Amino acid sequence: MMGLGVGLIGSGYMGKCHALAWTSVATVFSGIERPLLIALADATDELAQKQARAFGFGRGTGDWRDLLADPAIDVISIAAPNQFHADMAVAALEAGKHVWCEKPMATSLEDATRMRDAAIRTGRTAILGYNYIQNPMIRHARTLIREGRIGDVNHIRLEMDEDFMADPASPFYWKSERDSGYGALDDFAVHPLSILSVLHGRITSLVADMAKPYQERPTRDGGRRLVENHDIAQALFTTEMGVSGVLMVNRSAWGRKGRIALQIFGSNGSILFDQERMNELQIYSTDDPLDLQGYRTILAAPPHPPYRQFIPAPGHGLGFNELKVIECHELLQAISGSRDTHVINFERGLEIERVVHAAAKSADSRKWVKL
Amino acid sequence: MMGLGVGLIGSGYMGKCHALAWTSVATVFSGIERPLLIALADATDELAQKQARAFGFGRGTGDWRDLLADPAIDVISIAAPNQFHADMAVAALEAGKHVWCEKPMATSLEDATRMRDAAIRTGRTAILGYNYIQNPMIRHARTLIREGRIGDVNHIRLEMDEDFMADPASPFYWKSERDSGYGALDDFAVHPLSILSVLHGRITSLVADMAKPYQERPTRDGGRRLVENHDIAQALFTTEMGVSGVLMVNRSAWGRKGRIALQIFGSNGSILFDQERMNELQIYSTDDPLDLQGYRTILAAPPHPPYRQFIPAPGHGLGFNELKVIECHELLQAISGSRDTHVINFERGLEIERVVHAAAKSADSRKWVKL
Amino acid sequence: MMGLGVGLIGSGYMGKCHALAWTSVATVFSGIERPLLIALADATDELAQKQARAFGFGRGTGDWRDLLADPAIDVISIAAPNQFHADMAVAALEAGKHVWCEKPMATSLEDATRMRDAAIRTGRTAILGYNYIQNPMIRHARTLIREGRIGDVNHIRLEMDEDFMADPASPFYWKSERDSGYGALDDFAVHPLSILSVLHGRITSLVADMAKPYQERPTRDGGRRLVENHDIAQALFTTEMGVSGVLMVNRSAWGRKGRIALQIFGSNGSILFDQERMNELQIYSTDDPLDLQGYRTILAAPPHPPYRQFIPAPGHGLGFNELKVIECHELLQAISGSRDTHVINFERGLEIERVVHAAAKSADSRKWVKL
Amino acid sequence: MMGLGVGLIGSGYMGKCHALAWTSVATVFSGIERPLLIALADATDELAQKQARAFGFGRGTGDWRDLLADPAIDVISIAAPNQFHADMAVAALEAGKHVWCEKPMATSLEDATRMRDAAIRTGRTAILGYNYIQNPMIRHARTLIREGRIGDVNHIRLEMDEDFMADPASPFYWKSERDSGYGALDDFAVHPLSILSVLHGRITSLVADMAKPYQERPTRDGGRRLVENHDIAQALFTTEMGVSGVLMVNRSAWGRKGRIALQIFGSNGSILFDQERMNELQIYSTDDPLDLQGYRTILAAPPHPPYRQFIPAPGHGLGFNELKVIECHELLQAISGSRDTHVINFERGLEIERVVHAAAKSADSRKWVKL
């Protein structure tokens, strides 16, 4: 059997990450046919050819539509700017390709809906790049929760914070334009929401607030320009299980670099996680003897799938890029017909988008919103 | 000059803590006249006399009003159950005594207002036992913020969590009765709010939610009883400085024992604190060289007043009870006329109570509330 | 029954700590007769009288021998400079007083032996101020080890580090003189050795090394002076149980403030502790399910005696000074005849001194030494 | 220009790790010609062909000598069992290939010396797989030390601990045979020594001890067998700079999974590191303001080369396997003639082996040994 043929659109930050995943997946996971790296598309022929050579793809092209026409390509990785996701994904699906699209899904609810509809219509596999859910520690948390190890979940707190917008002296750029989206809500909220989706379930009502740490920013020509969206957002919510929670995101949080912090409380214990220490999971369990109760720090290790595929020794540490390799493996499983995959497909991705838009609406109307 | 005469009402958990403070304050702080422990009041003469002997008070009485009539007593510590605070404090003030009252201030806004009015009317010193603000690390955070070491504050997150109500199998008791208050909101929210008050300022609007992790609890006679208040509460808020924040409290949070976690973000850095590691303060500062930026864990030490009064060596650690000794010293300074004391007086305490009641109102009406 | 009469010699750092302990012990622990603070001795009458007043002692005296003659005094706290310990302790014991002496025991092995002999000869209670062993977390570690919760201990690492000698620019003072002792070995090693003594047992052989981070230091008159002892010391050792271990001490370790770090490995788990986070104990146990194994951080709480005497709520934190209160209570128990006390008496203290001197000898001879 | 031709011997744990590195290096690092994966050798033709296909190599062979004869192969990765390292490396070098050999270098000092000599004789690039030194945080530590950010180093503590030999019930296997080596000393000590080598310098004298946590182990046939080497080892040492230090290794340390802990003290600060949190480095600096001094936790980020090649966002985390990619890049630089590479070549590797053997000799003779 031959490996699947792969086309990659985009070779920047996440494009490189996809390339690494496609290159490594068969080395890491046994029993996988090695994917064939057919073609890479980027802005120009020249750039695409250079990157194709570096990343090990057979050819490069300045026109992403070339990939749709190539019968050797079975699956297309979309790591292009967000505003192109919808057109690319819909076209790829309609050309009969499977699609692996980076998040956020799209820049409007309409586009996201269009993508979801195309996935259903074509029956192709279509998933989003929510790689944080692939962390063996997040998967372990899911297993523990499902097994009832912390009892019935009754409260959830979710935080995602970085500091790339924290410097008031850094010049205004497109991330602060209204057209780029709500701000922290699109950039960040989708990530903890993807984790909430796999660990617990859906949000059914919320009230949100958004804030600007800086009202204006310097422009490169020495002037000032008003900031048009919000670097900070937070929401109180209730889930379909009747559980209360809080969601907090901040892309101007000095000191936070890649924090995605979870606190999940149950009737028999609790679970803590922070992506900045992505190889650790903390659990408190009342099953422990009373004089020994305390948070236990579990290091990622072979008992936590699929850690063992990467390293046979415990506690040696996976990295951010390796989450994409796991995601790639899940995608391959999904394409080959497995039903038990751990992915956010377009259907589920659309639900996440709906929460983001509901939060923005609530922040605007100053009212609770039902989903 | 003679030390002040002290009367103590209550000799349980916080009564013992007050007694330790009165006994230790002059040993710890130089230049203080040693207070005279005149009398202790508790539920019965017998109990009061036993405790007076153990705690080193001159006499014990079953009637707290005896203390008001004793001219040797200058100041009264109130560590009796919450529902008595108002009557005791008002009577003590009207008898010309200074008052040191445990929190929460009172069980109704009316009572709290009555206490505040009595303090103003009598001109006596009247403070509340918000001991967490006395931590040298919290004081250091205040100094750092005032000096602009993290720039302009632009976001705040406050959490207080314990697990004494976390076990669904523990029987219904008065803490779950409506009459005992809103639940986590009165029990816990006042603490982070007291810290917010000294570090930053007042809340001017909020939207809150409250939740019950368990709808009912077993009774001691084998039945079940509906829980009448809320072990979980959270609020989105804005402060008088226009800063957005989140307040979260949970007294059923398995694994949390005495957590009061602060995250304070500014334009030039951020500060983190957790009362469970009360001798540590974390700061991130963009004044550090770029390749060395990271959260710095500062251990309580002589440069952080009044740590040095307790221990001349750095990093040796203060305890929860010692915060009360610092508070006692602040009280003595306030009584002796100092204006620069670090206390929550009845005026300020009333503001905190107003936030609690506004949060309860918002949770009930499902609307934003202005203060 | 009357409380014991107390005399205190010295009112500096540790004298204050003793005074706080004597003042607080009956408030904290129930069932204890409140000690009577009879007299305090210090260098001059004037200083002693001032401190007696501040600390709540009945009188002050410039002559510590006055205390021996006072029949109202049953027990004497010795918190005077180290070189006086032996004469004071022996005289106090011979005057029929019980003795609570600060560590280090004495400045020579001969003096320490003389003290031990006097204790045996007089039959009085004589203990040393090794307060770190009083930490409820250290006591809990002892319980866990005795109960076999980590199986058979097979390896031990002990570290004690501070940074008060770390600055090469700080002037030469008496701590760097040969007559003040070996350096880090006397200052620090005795502390982890006291903990080893209560948690495990005695050292039977060792090889040690000592080092000078700085060969000379500035003098106050602008010159330079050679450093005469060693701020750093380490030893490999074997215990009476045949267990191997490492002891490391450093009083010039920039960044360390009050670190006493223990790593105790057994056949079924391990225990970690660091005095800088004195309210935490970490345990790893293979009794946990395989997918949940990890270090568990236990916060000091009521199940860990005698924490509950100080605070009924878990995780609220004891401080360094409170360890002395526990020690005081143990002393009172020992005086009243209890055999099950948790103290380092002069006999055991002498064993610790022997290890220190053996280590110095080994460092000098560059050979393994047997004890 | 064509990429180098690669041959890989061994496709187990470290073989897979090498394969990932060869596959990823040109994707991660720009400006590198993509290596050509020519052939993979393993125990049998069948296994080798299967793995070659999975890992993306052109062909597989059961005879590693085939690789030496292939002119398309420029460099050979040796990830075969330790006892074959010397023969393979020498033969490869003599066949004109560059060599990348996994550690430990060899099972005897003679073999290691033979390897070193072959490298010098042939002038080929020959490096060892000491991947921990490639961590951007270790490289950052080196930069900080070289720039004098912690002043003059004056004390070093090194620990490496895992728990794969910690279970006394796990059966005797070859790791406990004398022929497999000294035990923890070969398995682990070489790693912290490789880090010491790049951060500081060479050890010139030491005294060591070794210990057996378990004297015997069960055999698979129900019997017992004496353990022939030592799972625990420690040494006091002095370096060429006159700095004192301690080296501790334990492969039976329950709870430790991949700990390599460094404590490096200097006259102006100190640096801490633990491989179990491999994306963090801690530094204490007296350059900080006095009231802000404390250990700062730096997260791996773009300012710490070559982190940026993997991820443009800070604090997202590299994994253990990615250290091998960095090592591969250093190897390629070395092959292309760069003198400023960060590798342990065979010359330096031999020095590390000498320390291991000296420690074993010291443990045996119970004496200090000079190097």
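Labels for the chains are A, B, C and D, by order of writing; each one numbers its residues from 1.
The rule is short, and it goes like this: a residue touches a chain if its C-beta (ideal position, glycine included) is under 8 Å from a C-beta of that chain, and two chains touch if they have at least 3 such contacts.
Keep in mind that this is a model prediction, so the values were computed, not measured.
Taking the mean of C-alpha positions as each chain's centre, the chain lying farthest from the centre of subunit A is C. Among the pairs A-C and C-D, the greater number of C-beta contacts is found at C-D.
Here the CA centre of subunit A is 34 Å from the CA centre of subunit D. Centre-to-centre separation of subunit C and subunit D, using mean CA positions: 41 Å.
Averaged C-alpha coordinates give centres for subunit A and subunit C that are 53 Å from one another. For subunit A, the set of residues that touch two or more other chains comprises 256, 293-295, 299. For subunit B in complex with subunit A, the residues that touch the partner chain are 150-151, 154-155, 157, 159, 166-168, 207-209, 211, 213-214, 232, 234-236, 238, 243-244, 246, 248, 250, 252-256, 263, 265-270, 272, 284, 286, 293-295, 366-368. Per the touch definition, subunit C reaches subunit A in the complex via residues 140, 143-144, 149, 283, 285, 288, 290-299, 303-304.
Within the complex, the subunit C residues that touch subunit B are 13, 16, 19-20, 23-24, 26-28, 30, 32, 34, 53-56, 162, 164, 256-259, 275-279, 299, 301, 310-322.
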